[in-house]
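Next, two complexes with chain A in common: one pairs it with chain B, the other with chain C.
Right after this comes the complex of A and B.
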């Protein structure tokens, strides 16, 4: 009896060692949650959801959604909202009602953004499986993996009325600008492109500076405020918005 | 409630595999299978011994490389090179690359590809159109059109053996108006694709692929394993 319970206890403690405290990594994809009991490599995480060839990996985004990551971004958002509120005040004092209204509109938009820390990693399973340097072990925590079919729309943010435009094949940034309804004060010389999991690209679309820049599927377009309209204390406003926009989850 | 049920089931499933934590890869197979000499040819003995199929790939003027079949996933054959580049084929058509100067990321419209039919059904006049997405300069959605122009019987030699093949000639038109010719050689008796020459973009050199393990299998040299 004693031997039996000793063996049972050993077996039990061994299995409970394996199944210790629940998954260390939880990844949400569409409506599905995948849990991993040991820290997985990125290849495991992306391969698990890679069940159909139609998934468009060039537009995939991986976010860390834990409270700590989100809280840090929340502070960033509050900072930005303060700056926007101050800018609006400055315009009102300067009798620039339209520019104040544009600033307010962006402020409302930023308030509603869903935020999570985007990780700038290559996500294509074929790339990640082939090169160990592209296949890190993920830190413990919760993640959101966004990868769907090739999108037919491009999200628009910033000083524009539209929230999205139709995706156009073989088009460049100025083709998209033609379909955007800018708010008062928006730039007509620059557009910023935020491709999935990559650094921002500045597109030159003005009369004199224009240069072809394609827009990849799944990118976010940011319509900036024209630099000339920004008082010098607010000269980094566009950069500040972009920095937060990189961590916006578009649902 | 359903959300937690989903977590429970996924976790339960993954826990069963979790303790051993093996990732399903062909990496060990590949280490054994690669012949270190680029441009070298596999002997019949080597082909017989391989665990993973081989594909000869000649990209432009680069030396001929031997790729190994790393994955077959949802209708795509993923061939890996010794320097970790991938060529992804759907029914023999090159639809994606990784590890090259300007990778082909995606081709839309491939469900209409005539190569997806049984070989006997491929006829002149069949056409389809897709859009190609590229890594460099974020070039996305460039139109590519294909039309089967000709079919005829042809002979090719692989592994010291003559194969009777159906040669399919396909005209490719790129978005800038430039054109190219793709060639596909199918084994007449089995319908297996043995060889192809393909052009995926005006800025990519021609890619020649030889499905050498398929040839070996037709000759009874290789065992039936992963097959095209």
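Right after this comes the complex of A and C.
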């Protein structure tokens, strides 16, 4: 398997390869592009990139950046923006100015998200090389492999004023909530944790339901809207936001 | 600033996968009350543990001792069964009947969740304690619980035993006058659910606080008692204080220890053993499932059949009975003896086959047999299976490459000429135990069932079993037949005679014919000595489609009661007995099976037996059944109707290698002559389990 490494002159341009001579899988990592002529196993992709010990694999994320995937997510984003706009209208009609303002703030945030389809696969090279079940063959296309040094911050999304908080080692989810400035209408009982390459965890942080929940480094925290404040047509709003947030690329 | 951590629990409601790297401590459970079930000390609360939570409790105080088992069947329903030892009373007035044994009583409780807790609203539950028995502690309650940080506040209203303090007016009394007085005594001959007593009589308000101390293992409880102890079975108990205190120490995930100080004058202590039937498992040291090499074998000539058969047995747990190797497919007939889960079984079998068979074999057909009859055929598309098993796509799933269908193997040209006639032998251990007997609380009998069979062909055989007692204390029986002569034929109440006649008895001796009559239809006929107490002739028909939620069976028997004096003789009593049975797995309840059998029983009474069984993720099955017939409670005698509970535990929860096979522990509070079915030597529904797996 020959691997091409070359510095990209156009950083975020996705050129499509229509001739058979080009690589079938292109993986971008930290400004470098790795191309593969035959469909690679996941282990090849991660070991090629694993050249520096400081890379923190538990926070690694793999995204599929093909135009088709991104367009599908774009449609999902428009759908969500429409729902948020409707919700804002509903609040304005009900004379809930603060809740409408919160909804608008989230709306603005969602508009600025960079989206790509996240694949929920284990990425640590040690795991992936050891167990065949964790080492599938990737589909043809373009990928973004995001793995860097261990981050000092945790990204915050949702109904909060912060965009990020300081990462605290081995801390409980409620500790992070103490450092977040929630917007009006945000829930004080639940916090959603979106760890890298894993499914969502619901953390219970209220006085009435608190349970210890670890927050892994590199996770995204989502501050949900209080379910009580949501009209019945919008009761799945938090789920919809999370579904899109899972495919957000945090640069 | 750093907060102090309180209770330490994992919840990953949206993420069922928990990776072992985190330092998350394992889930906490709510602690048990003295009589069993989640609660404070004497008073129950609105709290429920996770579904599958099981607790085995022993609680000791001066006047009472309680042995109880509490199980959270569903997230909204908790059940508890209990034996009570009333130390200040004797079992009976007659020392020749029960010696100096103290008074024993059984009880069953159930609790339902009515409202889930939210930020401002409490959790609300209602429950019924000690119903369906002689009701020493019979009560009903509605409770509310609300948590604020480390404190859990509880408030409730109790009726009956829990409400004897009578510190409030019974709210139902304002609605209807009949609720103001609680009827005394019990209906029937005990053992019935006394609906007419529910929520009647004096009511009391009770409450309590639980405090989770900053030290994680220690929990403190303070309770305001709703009982005034004037009507206790143990006698009138002195109540110096309305408040009770307790401390619970969580030794580890399995054990809770507690001490309490009740009524201002009595110490008590107890121990709880906790388990979760959904998550309990045992480490398995099975050989790993085979990986499929990149290069597959090319021709059938190099196929080493002996090695394939050995690999199927040792790696996939599949015992091959016969096979057919065609140009493009292979048909295997056999049984799975190691892996209870069909998905794992097929995964392993497919991988072994892909390792040995050449590429031109495109289809693997695996026929599972049971009792020599084909049950279900799993057709594996080899190409899709191999691609998924090699993880050739990121979302590869082996399950999408096969399907279960009706077996089509009548005209196959099997490779091996098998001689289906011959002798067979088996040995099985048994253990019978009974609780609450007058002679001694715990009585037991253990030994071996030695079986022999002569098989004439795959359909017809002659079977016999001998029962050999090795260990028993049944010689302590003071009486063989009870003195309750209610006029009903004694179809089962001679049991003590049968089990003490001799240490070696003939359990059964019968001829048996079985066959698959048509697609989805199975039938059997048997004649001879069918079980310990009955012999005769009978048959059964079963309709059971593959993977269906409903199966229907009909069995008809004509039997005569066997003599308990002589091995081969019969008594005069004869009867027809038979039932139409529906085996239903409702969609709205997870992993549950309800069996309803309508018909005539051994004592010629007619009615229905309902059996409710719940399977937990670990494979443990818990069930309860009751027989409701036209025999009146007076005719039935003590207990009013036949009921029982059972727990079925898969053996491989105890072993380091996967194995099929399970043991059943029954608990029958009272079994008399009403609602008694014949113990058929073979049950078609059990035999055809593979067609629509429930128990696994």
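Here, the second predicted complex is superposed on the first by the 231 of 251 C-alpha atoms of A that agree within 3 Å, B and C clash if a C-alpha of one lies under 4 Å from a C-alpha of the other, contacts with A are read in each partner's own complex, and residues count from 1 in each chain.
One rule holds in what follows: a contact is a pair of C-beta atoms (placed from the backbone, for glycine too) under 8 Å apart; a residue touches a chain by one contact, two chains touch by 3 or more.
The shown structure was predicted, so the numbers you read here are calculated from the model rather than taken from an experiment.
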In the superposed arrangement, does A:58 touch chain B (first), chain C (second), both or neither? both
Pick one for A:50: touches chain B only (first), chain C only (second), both, or neither. first
Between chain B and chain C, whom does A:216 touch in the aligned arrangement: first, second, both, or neither? both
Figure out whether A:136 sits in contact with chain B (first) or chain C (second), or with both, or with neither. second
Chain B versus chain C as contact partner of A:23, first or second or both or neither: first
Quick one: classify A:170 as touching chain B (first), chain C (second), both or neither. both
Taking the superposition as given, does A:34 touch the first partner, chain B, the second, chain C, both, or neither? first
Give me the intersection of chain A's contacts with chain B and its contacts with chain C, in residue numbers. 58, 170, 201, 213-214, 216
How about chain C: which of its residues touch chain A in the complex? 1-3, 5-17, 19, 21-25, 117-119, 146-149, 291, 390-394, 396
Chain B partner, complex, touching residues on chain A are 18-19, 22-23, 26, 31-38, 41, 43-44, 50-53, 56-58, 124, 126-127, 129-131, 150, 167-171, 193, 195, 201, 213-217, 219
If we count contacts the way the header does, which residues on chain A are in touch with chain C in the complex? 42, 58, 119, 121, 132-133, 135-139, 170, 172, 174-175, 178, 188-189, 192, 198-204, 206-214, 216, 228
For the complex, which residues does chain B have touching chain A? 3, 6-7, 10-11, 14-15, 18-19, 21, 23, 25, 70-71, 73-76, 78, 80, 84-86, 88, 90, 96, 98-99, 105-106, 108, 131, 133, 135, 137-143, 175
